[in-house]
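Labels for the chains are A, B, C and D, by order of writing; each one numbers its residues from 1.
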Amino acid sequence: MNTFGNIYRLTTYGESHGAALGGVIDGMPAGIDVDTDFIQAELERRRPGQGILTTARKEADRVELLSGIFEGKTTGTPIGFIVRNTDHHSADYSTLKDIYRPSHADYTYQTKYGIRDYRGGGRTSARETLCRVVGGAFAKLALNTLGVEFSAQVSQVGNQPLNGTPAERQAQMEDIVTRVRAAGDSIGGIISCTISHCPAGLGEPVFGKLNAALAGAMLSINAAKGFDLGGGFNTVGLTGSQMNDEFYTDPQGNIHTRTNYSGGIQGGISNGEDIQFRVLFKPVPTIMQPQHTVDTEGNEVEFTPHGRHDPCVLTRAVPIVEAMAAMVVLDYYLLNKTTKLCH
Amino acid sequence: MNTFGNIYRLTTYGESHGAALGGVIDGMPAGIDVDTDFIQAELERRRPGQGILTTARKEADRVELLSGIFEGKTTGTPIGFIVRNTDHHSADYSTLKDIYRPSHADYTYQTKYGIRDYRGGGRTSARETLCRVVGGAFAKLALNTLGVEFSAQVSQVGNQPLNGTPAERQAQMEDIVTRVRAAGDSIGGIISCTISHCPAGLGEPVFGKLNAALAGAMLSINAAKGFDLGGGFNTVGLTGSQMNDEFYTDPQGNIHTRTNYSGGIQGGISNGEDIQFRVLFKPVPTIMQPQHTVDTEGNEVEFTPHGRHDPCVLTRAVPIVEAMAAMVVLDYYLLNKTTKLCH
Amino acid sequence: MNTFGNIYRLTTYGESHGAALGGVIDGMPAGIDVDTDFIQAELERRRPGQGILTTARKEADRVELLSGIFEGKTTGTPIGFIVRNTDHHSADYSTLKDIYRPSHADYTYQTKYGIRDYRGGGRTSARETLCRVVGGAFAKLALNTLGVEFSAQVSQVGNQPLNGTPAERQAQMEDIVTRVRAAGDSIGGIISCTISHCPAGLGEPVFGKLNAALAGAMLSINAAKGFDLGGGFNTVGLTGSQMNDEFYTDPQGNIHTRTNYSGGIQGGISNGEDIQFRVLFKPVPTIMQPQHTVDTEGNEVEFTPHGRHDPCVLTRAVPIVEAMAAMVVLDYYLLNKTTKLCH
Amino acid sequence: MNTFGNIYRLTTYGESHGAALGGVIDGMPAGIDVDTDFIQAELERRRPGQGILTTARKEADRVELLSGIFEGKTTGTPIGFIVRNTDHHSADYSTLKDIYRPSHADYTYQTKYGIRDYRGGGRTSARETLCRVVGGAFAKLALNTLGVEFSAQVSQVGNQPLNGTPAERQAQMEDIVTRVRAAGDSIGGIISCTISHCPAGLGEPVFGKLNAALAGAMLSINAAKGFDLGGGFNTVGLTGSQMNDEFYTDPQGNIHTRTNYSGGIQGGISNGEDIQFRVLFKPVPTIMQPQHTVDTEGNEVEFTPHGRHDPCVLTRAVPIVEAMAAMVVLDYYLLNKTTKLCH
């Protein structure tokens, strides 16, 4: 269950404080130009330490591509990649060995496996998501040749919707996060994503609806707690007559919808309009405040984290949302090629 | 992609106006007592024609179990089942042959497959969901032996949260739906579901988080457009210190959380608390009002549906939400048995 | 695990003496003409009761197609089908309830599931293979549009290779089987299969080699015990210089091999030459002779079967070998469409 | 399709002359002691350069384990591993760029992908199998705790069955291989494998029979061309009365069979007896003799390989056969845990 996808498949491994994280991309179409700068740049987008809004951890996060590429092009064979962990201080984490931190995965992992790598969250660390970004970067390289584009952004922090120019939005976010950080607290929010120029026809009824795949993909991201498509929960009060997306024919003879409450997906299949969805993220559970919890023996203890603290992961989650979306779209693009015998 | 699940797997077939719908349940544990009355009763819960709130179509929906059961118990071999279609009037639908109805799947199916069974929505009809209910009923039979329970209900219709006793909630809903029906319109809403007594340890990191599986399952239901877990979108304004679920040890020595903002899942794995999630449903797109659209040649046309009309499918969707949840939980229960070599 | 295939997928259900057998074909390409006479004719090929060589059981084996077809063409949605069981005499089998027949699956099923439907072998009956024939028939319908052809025949009965005209081969086989039947015994043999005009490029390295898929498919057939490709075990004494298939260019400019020891597959991928393989079948374990065995309590007992007896199933297995091969080839043809982004 | 298995899953990557080979083991049960010396020793068994019988290439083949292990035990999270390529001389291979070598995968890869890494066979190199050995070594570590053992050996070289003590068998093999090498030729043969103490009940009817899984696994190995179970092709002349394996109860009250023509599997499910199968390997196609073939333009050319030459890979394939068998058995052991709700 550490594999994502049907045809385009990403399999990942790695713990926060192990030797490395990495993965295997299988099903990458052959003959695609590999832009390694782009891949590294995508990784940089999720890296912490980019400003006041993120943790100070300096992660190198250099990805090494190990196979599947020949003379700058993909060969259709699997692409192995590895990112070495270089910045670990296991000593920092020894105090966590015997404690179940509130709203972390400590308790559930221990219950499930009977053993856990408690250093830095082990497999549950958000460092795992850098493998997703690599998988998403290759998917984007393939999809870019078809013109498909992915654009996610933080649209709300806590109760505060972000509006205006990018600089204004950034200022609004910094204002909130600075206050939350000062309180030793954390805050969540919403990321909105648009997929443009997605071909019509992607999505596999019944259980493999494109929106189902996107929802499953997004809810697999650390701290993600909700998903909606198109107008989503905000349009729950509208009636059918208000929400139905009427079709029309544009001057080029292409069929479009006048509105897009459907969020680009109808009956689980893309209709060629922009695909629009939102992902809800809870506040990260690590806060710089004393909390009550229990130890592994069940004794109640008080616990105060120390060390690095990232009060809001939304900015770093933006490229992850895009990456997961890109992997879903490429996977379903490839699946859709099997719908007819010849096309 | 008409198969759902990993170990406990449901594969379905069938169109609204074909000969039959049905499916195959694979991975059903051996030795479970089969209560056929319960299965049929679950099907009745999703049947239309139960009152003013649903369409008048009289569907017999008698399920016939074809295999996998011997002397009243499951044998571990696949359970085939079939539900014959008896109430079809294909003539009703011939006018739909050349039209793409707004916010239906007509256009996307035609684009994807180059052919579609336009009678009654074909494969996209909500009749497909009765196979899910059968699959869910068997999952419940297995899970009931472990004490797991599923309870979903309509919690909001349009903008109106439902409150009070069941009778009061029913009255609130009928009031809204009656008005919407009179206007020839349709309305959506929210279904909330609680899974009680779910064992801790279910969920497969990283991509197979239990919440990811639930989200994908729910978004695969017709007209579902959103999902959230625990407090969900309603708690977006809370901080980590407000939302963290502190652990404590109860008098029996069991570890629990004082609050349940996590919705019973931490790090993608069930923690033994109630699993709580919501599913957003859009208004059904069939409304009794004239609408503009295009025909299959791209010509703009006006279109008014006639015939049966179900202005709000929320009541019928309740058992479907439970069924999908039950299939996910049983599947992940069985997956979790493989986590350790012996237990 | 009652599903076969990756993209083109057959899921089956049914016991020998249950209500019905059937299945779901998923991933059938849209727009293929459905020749129902051909499908029924394929079923007839595996039917017993066609002469002295097979059992006298009169099975109707009428397949009913339930979905996925509209106006004579496939729609891309799943094809449900059902074959009712009409000729069962459960009373015949009650004596088997407490006995583990030698070289049958009685003991292993009981051990695995703790329960078994002992009537006529239940799920282990060769009647299960009729669902494979239906799945194979649809695959052939799709592949026929590409010119791919499947031709299997019995090439050896016991130690006796069959040679000559079809009538001579039939006479050779009848001679052996008549003697075996008279002795109340049974006999196995070898089926050879050729796939002609298979496109080059099918097969997915590393684990999904086309020969691996064919081997797995063939060994899943009841009583199959061996598989080899090309020259197979018969050419074990040859050296590389004797077996290497040299390439040449034909007058049309197409690349071919002068010999075909590779059996049409190189590096796990079809090379455009005829694919040739053999499948070994053991003698059916039901013989009309007294045998020693144990009952379910472990007591040693003597046991003599009575009733219908099919001393050699090779003839009936021929269409099953073709069916499995056809499903593999269509599945891999569809998979291969995903190798490049556009072709 | 570079993933093998259902629950216990190995995903691999890597080309002969790329940076590294490696993979991800997913589904490894938690809490198993990791004996790294054993894993490395298994790799040594498949290493070339061990004597006159194998190529002189000095491969280091040091495996680095990257994740999924904590304090010497598996944690249930995926195990990433990597083996760096250190001994590549790409210059050796530039002459192969434009040639399709007979009975290699050059032509089929080029046809399938439109691009290939021609250096040392790229992904088709037998170096790929070292990842299988790593996957198999972990499977053996888990299965050893249950007492399951795997023992394969070369049983035939060319037409020559090997008999006698290990030293005698080795001498017989060296004699043949020395002669073949002197002729610049190559030779194949047969590997026989026994799985001892395999629990009864493993195998998933219908398509997932244990013998089908083993056959598919073995035919996925480079140069494997055939598989048979139990007596296999050698017993094709026997009748049912000669081959049926009668059950008896041993003094401890356990049920066994007096003979084992079934090869330890009945109805696709292990019966607790030794599982016995054979795998046929063709001669490697690289021979030190001039051969006719075509170049990528279709021009006929003469071609003589030079460089390292391994005239018989059977010895090196022995641990690979065991590794694939171990992965199948562990996968099916874990699958079988889901057959009943509680055991």
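The rule is simple: a contact is a pair of C-beta atoms (placed from the backbone, for glycine too) under 8 Å apart; a residue touches a chain by one contact, two chains touch by 3 or more.
Just so you know, these numbers come straight off a predicted model, no measurement behind them.
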Next on the checklist: Applying the document's contact definition, name the chain pair with more C-beta pairs in contact, A-C or A-D.
Outcome noted: A-D
Checklist entry - Among the chains, which has its CA centre at the largest distance from chain A's? => result C
Checklist outcome for this item: Cα centroid separation, chain A vs chain C, in Å, comes to 45
Item to check | Whole-Å gap separating chain C and chain D, where each centre is the average of the chain's CA atoms | outcome: 26
Checklist outcome for this item: Here the gap between chain A and chain D, centre to centre from mean Cα coordinates and rounded to Å, is 38
Next on the checklist: Quick check: what residues of chain C touch more than one other chain, meaning two or more?
Outcome noted: 1-3, 12, 27, 30-31, 76-77, 112-114, 123, 205, 335, 339-340
Next on the checklist: Give the list of chain A residues in touch with chain D in this complex.
Outcome noted: 1-3, 9, 11-15, 18-24, 26-27, 30-31, 64-68, 70, 73, 75-80, 82, 112-117, 122-123
Item to check | Of chain A, residues touching chain B in the complex | outcome: 1-4, 6, 12, 100, 102-105, 107-109, 111-114, 123-124, 128, 156, 158-159, 180, 183-190, 200-201, 203-209, 211-220, 224-233, 235-241, 243-249, 253, 255, 257, 261-263, 265-272, 280, 282-287, 289, 291-294, 298-300, 311, 335-336, 339-340
Item to check | Residues of chain B touching chain D in the complex | outcome: 7, 27, 29-32, 76-77, 142, 145-146, 205, 334-335, 337-341
